[in-house]
Amino acid sequence: MNAKVDGRKWKAETEAGGPWQLDRIVSELRAVRAQWRGAQQRTREFGAREFPSRDALREIAEALCGVLFPMRLGPSDLHQESEDFYIGHTLDAALVSLLQQVRLELHYNARHAADGGDGVDVRARRIVEAFALSLPTLRRLLDSDVLAAYQGDPAARSVDEVLLCYPGVLAIIHHRLAHQLHSLGVPLVGRIIAEAAHSLTGIDIHPGAQIGAGFFIDHGTGVVIGETAVIGERVRLYQAVTLGAKRFPAGEDGGLQKGLPRHPLVEDDVVIYAGATILGRVTIGRGSTIGGNVWLTRSVPPGSHVTQAGSLHEQGSPEEVRI
Amino acid sequence: MNAKVDGRKWKAETEAGGPWQLDRIVSELRAVRAQWRGAQQRTREFGAREFPSRDALREIAEALCGVLFPMRLGPSDLHQESEDFYIGHTLDAALVSLLQQVRLELHYNARHAADGGDGVDVRARRIVEAFALSLPTLRRLLDSDVLAAYQGDPAARSVDEVLLCYPGVLAIIHHRLAHQLHSLGVPLVGRIIAEAAHSLTGIDIHPGAQIGAGFFIDHGTGVVIGETAVIGERVRLYQAVTLGAKRFPAGEDGGLQKGLPRHPLVEDDVVIYAGATILGRVTIGRGSTIGGNVWLTRSVPPGSHVTQAGSLHEQGSPEEVRI
Amino acid sequence: MNAKVDGRKWKAETEAGGPWQLDRIVSELRAVRAQWRGAQQRTREFGAREFPSRDALREIAEALCGVLFPMRLGPSDLHQESEDFYIGHTLDAALVSLLQQVRLELHYNARHAADGGDGVDVRARRIVEAFALSLPTLRRLLDSDVLAAYQGDPAARSVDEVLLCYPGVLAIIHHRLAHQLHSLGVPLVGRIIAEAAHSLTGIDIHPGAQIGAGFFIDHGTGVVIGETAVIGERVRLYQAVTLGAKRFPAGEDGGLQKGLPRHPLVEDDVVIYAGATILGRVTIGRGSTIGGNVWLTRSVPPGSHVTQAGSLHEQGSPEEVRI
Amino acid sequence: MNAKVDGRKWKAETEAGGPWQLDRIVSELRAVRAQWRGAQQRTREFGAREFPSRDALREIAEALCGVLFPMRLGPSDLHQESEDFYIGHTLDAALVSLLQQVRLELHYNARHAADGGDGVDVRARRIVEAFALSLPTLRRLLDSDVLAAYQGDPAARSVDEVLLCYPGVLAIIHHRLAHQLHSLGVPLVGRIIAEAAHSLTGIDIHPGAQIGAGFFIDHGTGVVIGETAVIGERVRLYQAVTLGAKRFPAGEDGGLQKGLPRHPLVEDDVVIYAGATILGRVTIGRGSTIGGNVWLTRSVPPGSHVTQAGSLHEQGSPEEVRI
Amino acid sequence: MNAKVDGRKWKAETEAGGPWQLDRIVSELRAVRAQWRGAQQRTREFGAREFPSRDALREIAEALCGVLFPMRLGPSDLHQESEDFYIGHTLDAALVSLLQQVRLELHYNARHAADGGDGVDVRARRIVEAFALSLPTLRRLLDSDVLAAYQGDPAARSVDEVLLCYPGVLAIIHHRLAHQLHSLGVPLVGRIIAEAAHSLTGIDIHPGAQIGAGFFIDHGTGVVIGETAVIGERVRLYQAVTLGAKRFPAGEDGGLQKGLPRHPLVEDDVVIYAGATILGRVTIGRGSTIGGNVWLTRSVPPGSHVTQAGSLHEQGSPEEVRI
Amino acid sequence: MNAKVDGRKWKAETEAGGPWQLDRIVSELRAVRAQWRGAQQRTREFGAREFPSRDALREIAEALCGVLFPMRLGPSDLHQESEDFYIGHTLDAALVSLLQQVRLELHYNARHAADGGDGVDVRARRIVEAFALSLPTLRRLLDSDVLAAYQGDPAARSVDEVLLCYPGVLAIIHHRLAHQLHSLGVPLVGRIIAEAAHSLTGIDIHPGAQIGAGFFIDHGTGVVIGETAVIGERVRLYQAVTLGAKRFPAGEDGGLQKGLPRHPLVEDDVVIYAGATILGRVTIGRGSTIGGNVWLTRSVPPGSHVTQAGSLHEQGSPEEVRI
């Protein structure tokens, strides 16, 4: 650009947005995409977007929250006499939309299949039907979670407050929906729902994790629960707890097998305080308490009380040990 | 479903969304709700939703941000000559909406009262009036917070940047509004506003916490400040700091008394670095510094420097001690 | 307010919203603002809002995500034949809008300049042009990040899943855009984009940080990366990792020089596990592994394995040491 | 404004919007309002808006269209199995909203009443209940209208096309809703719904008009049907037909009595062609045909054929007479 | 309802919306629908909505307006350099959406077909492709219309004003799109677009009407142009002109044959003034002028001047005759 | 397209939208635009859109309706105590937006000017200031219109109903705003506002028309009032009245001078009934009554009663004469 700028023309261009060399940029971006697609062996098969949509799944999850708890998470002008109409209508629309998302994931998975995805629509339908039929059971589980939150926090004034205000409750509602979809064979759909909750609450639960009734996370920001974690009933977690996989030192063979159990087993009635990190396929025995900031990579027997120094107390020696 | 599927019919149903057994699911969900309501002794009294609305309170909080800082958090086309018109109009609409939310909380609380909630409307009005009158004072406090953020972060270029970009500032604006409402007798309304900020910033401040002027949280994700915490003036916090309650070992009687002071007292001019955890009704003396990741469950005198090993240095021995 | 309330009038006022003493509150707020502006030497120069807009920049960032990854982050009905039309149109609109934001920042900076901001529009234009031309390079870098995420997480099923579901990927896309703008001379615009990502993901990367190709953050909540951090290629981070500045004990002279390098240098192929805190201008040598929750304030040579007890192992003694 | 303008200041003000003398204009507008309110004896009683809302009623009317014809005017993703859920939910929400509007009209009417509007809420409820119960009857009537449109227009391909494309059908749906509300005692609510249809279709039917089954208006723009018009069954109208009141020459006493029948009686099976104007309480006998542009201010017996010259043919002389 | 109303319960119900007898109304509406569907032999085949959507087609038409006139009817921040990107992207999205609407109409038509609609998707695609390819020709025609409007109205200041402000221009843009779709075999899609324009402008042009280049309607409200009308080049119309079909006296056989030519032929360079009504398959000879309010049911030779008295002047006697 | 279609590929393309020959169509459209621009001597000067926006002006008009009648046309939750805040804020935002639209028109007009539009911004500002200052006077005029409507229609129940329900009142509010802008030198801005009202009401008043106080149009659809019409005080019109220009027979020289007075002068207290057409610069004397469907092209003295046969009665012979 010359130092001498023609004022009038300049003004016009400045206001207009003007010549961004759009053609050049568009063309360079095309070249980078082509390179990437080549490297990924993405010779084009389908021109359209074959992936589930975050926005659609967020709306579906929100609608299902209303279906499960109509008077608290449904529309504010709802009243009890017409709950069922609301639920039936909302559920139907949500399932129609979910069916479309499920089909997208199944078609995506079948994109290399020999049969070109025949039968995908039938499978999608069955998945959504099964998911729909499981909703009453999910609601029952969630009732136990709400009750656990209410009983577990001395500051909670009512179950209604818990349901409306606690991010941990929002996270577990999303998780139970996402886990059901994960189990039915659409893990990406489940994952996208889980990430929606993660963004809202800072709580990151992989949809593969199995979690029993009466689960409660307080505060929650920074909690991470891995794919193969198994959590019993009446377990309570605080913020920044990690139930993760053990890491391997550099230099080892990187070819980790996928899907192997690699996250903790947490038995019934365990409490894990803020910042605790539990890594690997270890078992936290029933009724144990893991103190704040504890770093734990081995199993502990039932009734253990573990505090920050890593000391391990068997049942019968319940006094807390400070680091 | 038969193995042999009539293609045409199937296609129609697949596209349509088709028969989800909606009646069955709706009916089962009704049964689960009935069971829950029975267990909660929720014999129906009011058919309508009697709970404050998250969406409404989010909009109210956003409007009040604009009222308090019109040229930075108000509409982008605002100019200084007409600030007062904007403020008057926006404030009025926000207060009308807030009045409705306050009434919902008071009615909810009065649902078991003998008088059926007489006088609730008068009380709601007084609460909103008192809240409105406190806004100038809140603005003055917030000015001190903005200044503290600007002075406390070497990377901050201007108070404007601080106001627009720092999540800690967003969190303290919400907290001061929420705390005022909490103090005036509508804790749920306050809590919902606090959770809105929590979701946006990852900073979780209970609306009951008392926080002095010149407060600053840097980065902020993972900060938790409990209900009965009391924080002095010019206190600075970094990410992942917890000011929590002490936990009791399993096996004790669970009947904790609500409302008892159980969170720390942090005196003036204290700095608490990232990841530090302070639990229980302990006092952090004026001018102390608590190092990163420190785990602290006892009081420390004024001028203390506490670092990760838990060592405690009285004023006069300011050198830092590494763990 | 009198104890004796005239019912009818009261009802009308209650429903109306009624007399909030709006005039008084508006007037008091004006006084507080005047006081603040006086204290800040804000004698009014420009009546209008002179600051970039968070909403506008969020929309710009979202549009640019679609421009960079049209088939995954663009509109769901896009198909490959018309990608370039979509990109050209969306990019153009985004750049027009960005130009406006850049001008706002430059004008803001020039508000005390002797020339009253002459030349600002020309500079704004050049910045946006340079930014636009850098997008293909950014896309190439981001491809390396996506690949790193896919290869670094055994649970990842496809690069598509990584792109759509991983908050760490969302954060690095925003960072690379924000860093480019920061480098071109509009740090506030960059900061606002960075904070948008922080709010969505809990990952707080200062736009000044320099990050090499193949970068991956897993889970991510609580990660903080400071302004002068320099990160090499193929570095992997987990949740709650801090790359921060060293803090100075209270009592020292507070006049820290701005802009000095004060955050870590992380060389190529380093892995830093969850919760690790690295402070100060230290160097983490190539290929090192920093264990979970490690607190580190000194440099470590290449190939080091540092675990929670702070033990330091030179290359050649790769076995992990537990605390 | 001085001839000499300070460029920089001017630019700032121009961009800002600047000093519009807002205070002066606001104050003058206040004075005009005060003058008007004084002249209208509007000493303030209620501070709030006491009038039904056009936007709310438009949404209610749209929702009721969906309730009456779910598969054609309801949401596009509806399917037959879940019609009832949709109807129940949508109807309930619409009635709740309508109740509010009905209360506003009744309160408005009662603003001078001695009892201050006691009983208004009970009456509002009864009106809405009665309205709701009449909906199945309205649907039946509308089915006859749709059929009449289909049979009356050789260009119509299906009843579905008629329902979706014909403005005359849209107008009669709105009219039947508005007339029902008018009859139940909320004429303003009815009028606002009628005007919504007027704006969309150019067809202006007063909600007071009584219209029998099988009614059809083709094209419709410019049709006016007055408050006391009575129309039989199977009547067909074309565009720009007026069924109006006779006007009185200037100079007469202006004190017309309200509510007196002053619009035509149109008996069964009458056809009125485009542009015809029929004024006053005249009767158009059963089976008559009124030609295009005819101006008619007297009654005609059954079977008449009236053409533009005003000639009147009794039954038995059916040949058309040209002007 | 008893005179004695329990206040508290009543209040709750009143506020709640309460018992509308929803079940009864929903059930009665279902019965009426069943009756209608039975009468229409609508045994259910497809459960989903099989009809094109008004909202979708309105958006498509609006997008196509922008595609045809990007700098005037496109987005306000568009500039000339990036027109083609905008057009390509917008057109593509509009065509994808249109394809869906076209399929809906074809499937609807094929619902009784023996083959169950095989081949419909292929036909839909061809229709949309042909439509897309005709757009440049439509734009050329529309340019002639815009020019005609500019030249025909002494008040028009520029072609830009004409394009943006004249309802007649909006109507002809919609008509040319709708007519193209009508001709390609999707008359319902065309009709819905035509009705969108009718609602906005009060101008009712059947999509079947054939209209030559250089067409202009001034003011426009009340204009009706029938399905089989044929209009030459450079024809000008004013408000409330009807080009309709002749009506037949009552008592005749109602079995009118569909599709027969029954509307006027208007040759080149004809002007028809406001309120004129021309009925039947008559020919208005080239260059004729039809006066305001004229009622005409016979053909007139080229060069005729017809005024309200119905007098007919052959070419050569051009002086106007008053009634 | 071959008869033999590869099913799978076809399906993918069909769902995707597929190859529309976008490049060809985009290129052809570009050629047509280039041809048009060449023919219009539109060598590009400004790349950006230089024309006022319909959407922006609709919003401005709506905001000004609220400013003029806050309690009826403003937001539904407004109450009287805060009217002035609402007005000040809304007016300010509307004026800022209007300023932008006025500048666009002035710049457009100055696009061929030698000075390149210098001074346009100053003029735009003055226009908007003058417009703002005229609003109280407009409100006073509009009050007289509302009163005229209330007194002129026996069916009107209150001035509130008139203001909210009568399209004639909506049209006159828009006209008075549009006329003011027309008079101040921005006729296109005025015209766009007028057309917004035309679309909503079917009433087409050119913004140049001068209309006195106490003006009322009943029903309104089809009313046309031309650019140079002058209407006195207390004039009443009914639907489909035309106050137009005389047309000239074909064959005359087409070079009409712009801006010459060519529409009727209607003196005070005239009533014009539905469908009457008055053409040319004729005078309708004070207090006259023009009957329905009358076609009038000469002046009539004060006190005339004209009915459809065209008979003319001087004052003193007031009896109506039927055709």
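A few notes on this one:
Per-chain residue numbering starts at 1, and chain names A, B, C, D, E and F are given in the order in which the chains are listed.
We adopt the following convention: a contact is a pair of C-beta atoms (placed from the backbone, for glycine too) under 8 Å apart; a residue touches a chain by one contact, two chains touch by 3 or more.
Everything quoted here is computed from the prediction, not taken from an experiment.
Between the contact lists of subunit B and subunit E, the overlap consists of A, C, D, F. Set against the Cα centre of subunit C, the chain with the most distant centre is D.
Comparing the residue numbers each copy contributes, subunit B and subunit D share more than half of them at their mutual interface. Among the other chains, A has the CA centre that is most remote from the centre of subunit F. Comparing contact pairs by residue number, the interface of A-C is reproduced by A-B among A-D, B-D or A-B, since over half of the pairs coincide. Comparing chain pairs C-E and B-C by the number of C-beta pairs in contact, the larger count belongs to B-C. Per-chain CA centroids place subunit E at a distance of 23 Å from subunit F. Subunit A and subunit E, compared by their mean Cα positions, are separated by 49 Å.
Put simply, the C-alpha centre of subunit C and that of subunit D have 55 angstrom between them. Annotation for subunit D: residues 13, 16-18, 20, 22, 26, 47-48, 77, 79-82, 84-85, 87-88, 91-92, 96, 202, 221-222, 240, 275, 293 touch two or more other chains. Note for the complex: subunit F touches subunit B at residues 75, 77, 79, 81-82, 84-93, 96-97.
Within the complex, the subunit F residues that touch subunit C are 16-20, 22, 26, 77, 79-82, 85. Residues 67-68, 70-72, 74, 76-81, 83-84, 87-88, 91-92, 95-96, 99, 121-122, 124-126, 128-129, 132-133, 135-136, 139-140, 143, 154-155, 157, 159-161, 164-167, 200-202, 219, 221-222, 239-240, 271, 273-275, 287, 289, 291-293, 303, 305, 308, 318-320, 322-323 of subunit C are the ones touching subunit A in the complex.
On the subunit C side of its complex with subunit B, the touching residues are 1, 5, 10, 13-14, 17-18, 20-26, 28-33, 35-36, 40, 44, 47-49, 51-56, 108, 187-188, 191-192, 195, 198-199, 202, 204, 206, 221-222, 224, 227, 240, 242, 244, 247, 249-251, 256-258, 275, 277, 279, 293, 295, 297, 310.
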